[in-house]
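Look at the two complexes coming up: subunit A is in both, with subunit B in one and subunit C in the other.
Take a look at the complex of A and B:
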């Protein structure tokens, strides 16, 4: 297939750097305590450290637009499904241009596909499994079945642990605003300190700003140091938007944002 | 003076339809509940969901959002965009356990003075039945207890 090469991750990465096809490889490396961490490789020798296994779930697409990364040159990125969806969505929102990055699509370490164009990535994703994780689906169904008072109690209890570290925002590939509403203090939209009100308002705001854009990778929830299932909030909206308008995000560079478009006959039952 | 609960209601309305409609209610001498505080916006498309949260965090018991009927928007499509936003916003609030009955959405044109009075009155009655928004008041007036800081 056009633009696709298969082979070993480390070999392909070394080859790309040697040919000066890219100046940087964004991938995963061994971290501490048996965990993996993001690894940024610009030297051919260090490509040995790159790895990919079942622990590598982080969505690396959030590094693609960070200034300290973009200044290092053209990147190749080790991409699992969620990273690929992040790349496509960023391209759909005109944050990335075609052929400015190379995705090394991985399923296991020895089966790497080199995808140079967005089209190739779209093709790769069209054959991929985009289902939610089973435990997320189960918790979502459980919450949907609860009464409103129980849901309030559930979220109040969960959000009491929020320390407002904004790790959810930093981890999200789609939270790329250079100035976030929570950093504005005139007006002070959301209280700065961790408080019941401010925590809730922050998560409402974050989810609303991801409505119609969220690629359902669940990275925000994984980044949360308090283990709050906050990823379910934008995922719930994504679920609803898929039902209402039939749109799936992060699969086509031409997809629109459902919140910045409309149909004159959008259905609702609550406006009198 | 009675001790009956008088809800505080904030109405976010668009300049071109509902604000003019509310004006018509007054010039037509139609009486309506004084619990509502009207805030005028250029368009329903400008009414950010954060403003609704601000209303609640400042102690509102209910919120009305109203603007031009579909196809009547002064800016052609502001209300269409707003409608999608509210559809989504309600889903999120409901999922978080926030009572969406406290937010009333309406289309009120500049000619519908009587409808505006009806929207306000029915909202006030509805919120009176629901009572003060205790859940929200509880988190606004959060008390900092020392035990909270035990590690």
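Take a look at the complex of A and C:
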């Protein structure tokens, strides 16, 4: 199954490089075994290899702050809805500045939109469908319907497969810290080796660090080599926060984090 | 290598009777790193402290654990003792084996074991302690007083007379507050204006006081000794330097039917106005919402007549920024508004008035020149009913508290009425007579016994108008609930004193806590009555709770004393228990990612941004920076920081972790 090449995307990318508007295009290219993979293009000719189709679900926003990418110059990024939300959230947390990247928004069809400012991306997102994937929604409903004991048993069993590879962390656009809590050994908060308690501690901590920040892209779950649906943890927290405070993340560069802000009219039903 | 000394206190019988202190000391001596361990009857006594000092010298201690009472009382004692022996005081910690152990458990092995566990955890913590130095912050010796009522006036004068600069901010066109509206004051019946206006003039003339009237606090940041305050000076629409206060504009202004705030709606004022003749400053302002020119674009009569050309229609609000070391809040109170008392017919019947309106009727400078005449037809009332506790002490109305001043001013009103209308009869419906204060009870007795005020203990159940009379129905509970009906000519409600409408937003601007009634909260109800929880911000007067004049003045002088005490130092010393962003020098590196989420979470606004530059002066990273002057060491940011880039001095992650691990790894 070959990727549907989009003349439009390739032309725009080539044009941007030619005009030296950007020095790098971050996008998707054909991988092995019928899969797509991230593609980094810095010369005009190679833009032919860029593609976008239904397989291109990866959130590429996590490449935007990686040192080995940022040293290549100003990027344009092929952006699905997830990537766009990632960009907006990164900007809200002051990890990206406005007009330092160009987003090539491609949600449907051949219609590639060149978004140069965060404001344009916000506008684009305001018309986008931010629903969860159907299978995620189904599993989440199933988990929500469980008793606390069953849910705990479910996660304990799932976490037993975790090999502490931290692929989830590497894939997450919001795990941009240069020093992660798991890497601190003075004191050693979370044990290095994969163990029942340590695995659970890592995932609980990761979810808590994403509470009020997670943009619900599900990239962590997709990256997991053990196929643990770990993305549902931060997504469930996002749901909880939406219910409590009505806020959605990754849609406005001025948004804050509900876990770090206080408004006098915040609901306090969790205090009993 | 750590050399820890452990000192177990018996606290007389307090700990000694329940915990086997000797064995705790003996066990502690075996802990790794502990080189000396001893128990003693009273560690806080002189010989007890000497034991610590001697041991520091003798055993070259690098850390001390005093296992005794709560650190709240004696931590400073023991830290001082350590400092005197040459050990950094922050290397001394207390294990609380009294409140946390001996007082809450029976005597027994388990209790002794717990005491030892508490000691053990602290030993592990102290091993990770390092020397800290107190933080010094400079003090700006200017005070800002917000509110120019009697409390604000008193506080300003006291601070100014103490030799410090004061900026007094008043939102109305004149200072004076409620006291300037009062007729005579209890319990001496001296004229309110006569005693207040000299003080008001003193404010205007004092070389140390800068007065900003018609101004409000816009925003505040900074911390004790170093506040930055922005003040909005609302446009008065006149040039104050040119205006001579002749008052010609006020007489010529064609908009004359605006209910006067000062007269409580009993008289009218013009759109360009001075609130009352003794106002300070005695210069008019234009009330733009009622001014014909500002509303319709045509008029300018005042400008035409002004002999000095002082009218400035184009003037705009001005925001000025001032620096100060202390702030005194003296924003006062309000009386509950009309809509609150439908059952008493307030707002419906013209002759039902509030206590403050009665003050204006009784005032020689008031709308009736001090004659008691009812508002509807100007008739002198033959019977006046005073209703105490109108709103106050009424949980159903949401005001559970006693407004405190009403019993006294109601007695005063009854007395003043009787003094002015000899043939009249004052009736007072009351719940209790609360007259606690110097000469207060004598005063109310005088109203009843000498001036013949008829006190009826009971509440008014019904009030309606009939043939130009107000029929007041109630019950006399002292006569077994006997129904009472009075045909009154006028009814005066002792309305509840409530907090100012915008006190909540002001409290939030200043980060001062407030109670459920939006009165500002003191730091301690008994021992810190004029302090707030925010260091450097003090309270004076009725913004804290309903207060009468003597109390307000006393609180104001108290707040002033605190400010002067603060200003007696050139710099402040603060505990170094503050959060710090990790940074390694040079080249400067920090793991802080600059997400700025800690800036939002900090309850003390102590976190700011800092740019890290390379050798060429280029910004390579923007990180968070904690202001040690503002940080209160609460640790919220430490817990929130995802990259663990913040740590709390004296309670570092490493220290707490060691402590917790000591408990777990028994």
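Going forward, the second predicted complex is superposed on the first by the 254 of 272 C-alpha atoms of A that agree within 3 Å, B and C clash if a C-alpha of one lies under 4 Å from a C-alpha of the other, contacts with A are read in each partner's own complex, and residues count from 1 in each chain.
By definition in this document, contacts are C-beta pairs under 8 Å (C-beta built on N, C-alpha and C of every residue); 3 or more make two chains touch, one makes a residue touch a chain.
Everything numeric here is computed off the predicted structure, so don't read it as measured data.
With both structures placed on the common chain, the touch criterion links A:196 to subunit B but leaves subunit C unconnected. Of the two partner chains placed by the overlay, only subunit C lies in contact with A:178; subunit B stays clear of it. Contacts of A:186 after superposition on the shared chain: subunit C is touched, whereas subunit B is not. After overlaying the two complexes on the shared chain, residue contacts for A:260 are found with subunit B and with subunit C alike. Of the two partner chains placed by the overlay, only subunit C lies in contact with A:93; subunit B stays clear of it.
One of subunit B and subunit C touches more residues of subunit A, and that partner is B. Shared interface residues of subunit A (contacting subunit B in one complex, subunit C in the other): 181, 189, 259-261, 264. In the complex of the two chains, the subunit A residues touching subunit B come out as 143-144, 148-156, 181, 189, 195-197, 200-201, 203-205, 207-208, 211-212, 233, 236-237, 240-241, 244, 258-264, 266, 268, 270-272. On the side of subunit A, the complex with subunit C involves touching residues 93-95, 176-181, 184, 186-187, 189, 209, 256-257, 259-261, 264.
Residues 49-50, 53-54, 57, 70-71, 77, 80-81, 83-100, 104-107, 119, 135, 138-140, 142 of subunit B touch subunit A in their complex. By the touch criterion given at the top, residues 508, 591, 593-598, 600-601, 622, 640, 642-645, 653-654, 657-658, 661 of subunit C touch subunit A in their complex.
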